[in-house]
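Here chain A shows up in two complexes: once beside chain B, once beside chain C.
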Partner chain A sequence: MQQKAFVSGYYLDDKDLVEGIKALQEKNIEIADVRTPFPVHGLDKVLKMRRSNLPKAGFFAGAMGTAIGFGFQAWVFTEAWPLNFGGKPFLSVPSFIPVTFELTVLFAAFALVFGFLIRSGLGPGAPNIIFDEEVTNDRFQILLEVKSGNSDQLQLDLKSVGAEGVQHHDV
Partner chain B sequence: MYKSFEFTKKIKSYLLAMIVIGALLSVIGIVMNLDHTHRIWANVLLNGFFFTAIAMSAAFFVIVHVLGESGWHTTVQRIPEAMALYVPIGGIFMLLVLIGMHDIYHWSHTEHLDEILQGKSGYLNPVFFSIRTIAYIVIWSLLVMWFRKTSLKTDSDNDLKLFNRQRTIAGIFIVIFAVTSSTSAWDWIMSIDAHWFSTLFGWYMFVSTFVSAVAVIIILLFVLRGMGYMEHINDEHLHDLGKYLFGFSIFWAYLWVSQYLLIWYSNIPEETIYFVQRIEDFGILFYANVIINFLAPFLILMARGTKRKLNWLIVASVIVFFGHWIDMYMAIMPGAIKHPEFGILEIGMTVFVLGIFLYSFFMRFAQAPVVPENHPYFKESFDYDNIR
Partner chain C sequence: MYVSPVREPLISGEKSYSKVTEDIYAPMTGKPGKLWFGGLTLALIALGFGLFSIFITVWDGIGTWGLDRTIGWGWGITNFVWWVGIGHAGTFISAILLLFRQKWRTSINRSAEAMTIFAVMCAGLFPLIHMGRLPLGFFIFPYPNTRDVWVNFNSPLLWDVFAISTYLTVSLLFWYMGLIPDIGTIRDRLVPGLKKKIYSFLSFGWTGSARHWARHESMSLILAGLAAPLVLSVHTIVSFDFATSVIPGWHTTIFPPYFVSGAVFSGFAMVLTLMIITRKAINLEDYITKAHLESMNKIIIATGSIVGIAYITELFIAWYSGVVYEQYAFVNRAFGPYWWAYWIMMTCNVITPQLFWFKKIRRSFLATFIISIFVNIGMWFERFVIIVTSLHRDFLPSSWSMYSPTWVEVGIYIGTFGLFFTLFFLFIRFFPVIAIAEVKSVLKTSTEKFIKKGK
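Right, the complex of A and B next:
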């Protein structure tokens, strides 16, 4: 298995982190990942991340839930097993609304959660590599991938853009 | 840096023309309907209540952000603040309704009450009704003006005490409004159909007017932008306003369905009569109400991009604003005039009251800087992104 190596540098303030990223980008250094304890406003824009496709998945799954929820009830109560509830017509739309609504939400939610887990490779049993436990607390970490053994140079680069502490990690 | 709004002669003359045209059409409408006083008073109630409630909901918009310690609202705060100051003026229309009480509320003819209404007469009687109406108007006006006064003080004085006082006022406001928003809707609107009742009616009316208020904020923002003001509003702020419009349109639909579904299911004659009347006599309007106020904003604003473009937001806002006017029409007219009528009177009254509302807004908006620059959260309100 091929060995990968990373250089990490951390900041103690999210504003410094964003400035650091901008400085690295000016030097044309590719950033592998950024890890923060909370969502940092403006980070997506600075990293030029493409917008996620998850909302589209959510929409189509939700629309599917609407169709299945409504269609199934309509079929059951008119074709498969018509029952008379209090003299109401068999195809009574208002009574289908709550189930239709719930199925829409359920399908959309499942699509979003599982889509997110699959797409980002997370979930139970996923490899869990945390270089620095403090990124879950108060540190903002930039990761640079080491290619062709330039680890020392990358560490110097990170230091020069204001990282508080830099470290080399082998995976 | 932030250009102060100037209430120019040009805007003034447009608005005055609007008020005069509205007044003329109203007078023509009133003369045409002199033997039909139900319709006249129902229109006074419709537009009086609709715009007063929008003003009050605009105040609620600010209050809820003050309590939630949000930052972004400070960029638009002065728009709802200026809208809210319409409450005392709108109150005059509600006081007029007291004169026409007998033409709208059949429980007010105390001499021939049926048994059920006699049982309710402890609450629904002309004297107590008048006291409540006056109390709402006075208390709401005082709260709105108190908040505005404190907010204006911050322009010349950046003492933090003033912001703590705003929060105190907001706390008092929200407790009072939590009760009065429901009771005023029962009193003014639900009691038209005095035999019928719905426990979520207060929230239904409140959400309806709150959505309208958000729509009006966006429309006014668009108008002010067109005149070269409010250039500091960026896409993130529009996105947040769009989310309000989107979310509360859905919430309105949720309450609409909740009310309809339970009444439809239990099928008790004294409750279903409310919808029977609306479906049989107002047919298309009844269904159009749901399509305009739920489906249209839901589909238009679902995508992220449309919430961030003022042109799309405006389309949705205008639809929602007129949609909720129709919603209000559907809440009042079936009980008050029995059969759908729409003509010069309705158009005239709406134009008239809308003109006064806008005049009041622009006058108040010109009296203060367009943003509360000393607000502690003002700087941070430009420093955030909506999640992608």
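Right, the complex of A and C next:
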């Protein structure tokens, strides 16, 4: 496997972090990752992240749930085994709604959760590298990838934008 | 962000981000206290007794219960509806209050959601036991069996199967997705060893990456949007079990909204009962404050008043309908042999929550604790009244009957308390009771004194 290396530095406040990122962007330094203890609002805009496709995935899975839920009930009661319940029509749409609704929600929820986990590379025992254990406590970390051995320069850059605890990590 | 100067801080004391981690992690460290062991032991004894009662039910048959041909539903279904109702607070708090951007939910959503999941598990047991033959429980699912028979999709009991199992699954997913960042926090506090490995496995490799957070937020918001109508659908469908039948006293269109508000009402009461004790027992007084108490009590007044109006509307409609059977059902409720159950319900559900109009009462932990227990009792009696008094005097006076539970039914009810509290005690010991990351995200704007660490 190819050896990768990163340089990390952290801030103790979310506002300082956002300013640090902006300063780095002005210097045209590419940011590999930003890690924070809680979702920092506005960070997605600063990092120019693409809008997540999760809503679409949820919508399509939900629509699938609707179709499967309704279609299955309709098939059972008109094709597979039509039963007469008190003279009601076989295709009694109102009484199919509850199950259709529940399946819509169930399918969409599964798509959202698994979409989130798969796209983020998270899962039971996922071997993601944690560079600094304080990130889940109170540190807002910036990670820069070292390409062509410019580690020292990147460390200087991080320090110049006010990051603390600047470090080099080999992966 | 603009924060109104009159708004009370949600978190009292001087807090920094790391102080929050420390405070919420503290109850998980060290040896658990005597109170915890004592509580867990009691819960396990209750659970054992419940399992024994279930065993008796299955071994000897449903004849060990106090049911007869007139009263086919007794404590079993009463407890089922009661527990499902309790299980409405958690997802209400985390989904509907998230959509309404109510920040105070961050301190209570985690534990309330846990209670939801445990309560729904307890609820789910009753219909299964009620079937009499537990190993055939899977018959309720539409699966391709050799007889080519499918389930009846026109039946509200079948809708219940889908509603409750979807609710349990979605609540569990929602709860666990909210937990993984916090399990990550716990993982990073632990020294290397087996415990760290377990939490590392459970944390799903959480790193706190901004990309993950962005996705996590977008997922949570949509899940909340889906869970909000789901919460409302569950008790609506439970109420259909009654409303779609032709029993006088059950066959009313008011049931869905009336049941849903009753469920949120009883769920909030249960969350209050338990959190008032828990916050004291594990020193979370700074996080669950009088402001939280007041907000929750306001929801109790709102839902409790809806329940009160529903009771009165039912009485009015029974009279106004001109149907003698409907009228008799309600006269019998209030003045028949089960009058005491009806008046306990009326007092606990209609009168006691109105005390929360007094600011002193709704901001008092002791008063709230007492009233919340009254609400729990009242809501149990509501289901008892609806089920037993509507059934016990049916169309033929020759088959009128009276019902009282046997020790087996009482035992199963005690057993579900055992299950609920066993899970709850394990939860407060092994998982962060308060959503750490969510509290941190509102810390700057909602703390009495926020300390900026470092420069």
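Heads up, the rule we're going with is that the second predicted complex is superposed on the first by the 167 of 171 C-alpha atoms of A that agree within 3 Å, B and C clash if a C-alpha of one lies under 4 Å from a C-alpha of the other, contacts with A are read in each partner's own complex, and residues count from 1 in each chain.
Here, contacts are C-beta pairs under 8 Å (C-beta built on N, C-alpha and C of every residue); 3 or more make two chains touch, one makes a residue touch a chain.
Values in this document were obtained by computation on a predicted structure and should not be read as measured data.
Bringing the complexes onto one copy of chain A puts chain B in a clash with chain C.
When the shared chain is aligned, chain C comes close enough to touch A:L12, but chain B does not. By the touch criterion stated above, A:F96 is placed in contact with chain C alone, chain B being left untouched.
Applying the stated contact rule after C-alpha superposition, one finds that A:A80 touches chain C and leaves chain B untouched.
Number of chain A residues touched is higher for C, counting chain B against chain C. Look at A:P127: by the touch rule set out above, it reaches chain C but stays clear of chain B. Legend: residue contacts after superposition of the two complexes on their common chain; A:P55 is shown touching both chain B and chain C. In the overlay built on the shared chain, the residue A:D152 is in contact with neither chain B nor chain C. In the superposed pair of complexes, A:G42 makes contact with chain B only, with no contact to chain C.
Stretch 313-321 is the one among 313-321, 367-375 or 421-429 where chain C clashes with chain B after the superposition on chain A.
Common to the chain B and chain C interfaces on chain A are residues 39, 41, 44, 49, 52, 55, 95, 98. Interface residues of chain A facing chain B in the complex, by the touch rule stated above, are 39, 41-42, 44-45, 49, 51-52, 55, 59, 86, 94-95, 97-98. Note for the complex: chain A touches chain C at residues 11-13, 16, 33-41, 43-44, 47, 49, 52, 54-55, 58, 62, 72-73, 76-77, 80-81, 83, 85, 88, 92, 95-96, 98-99, 101-103, 105-106, 108-110, 112-113, 115-117, 119-130, 133-138, 141, 164. By the touch criterion given at the top, residues 16-18, 21, 142, 148-150, 152-154, 156, 158-159, 162-163, 166, 169-170, 173-174, 177, 180-181, 184-185, 187-189, 200-202, 204-219, 222-223, 226-227, 229-230, 233, 237, 240, 437-438, 440-441, 452-455 of chain C touch chain A in their complex. By the touch rule above, chain B contacts chain A in their complex via residues 257, 260-261, 264-265, 267, 302, 304, 383-385, 387-388.
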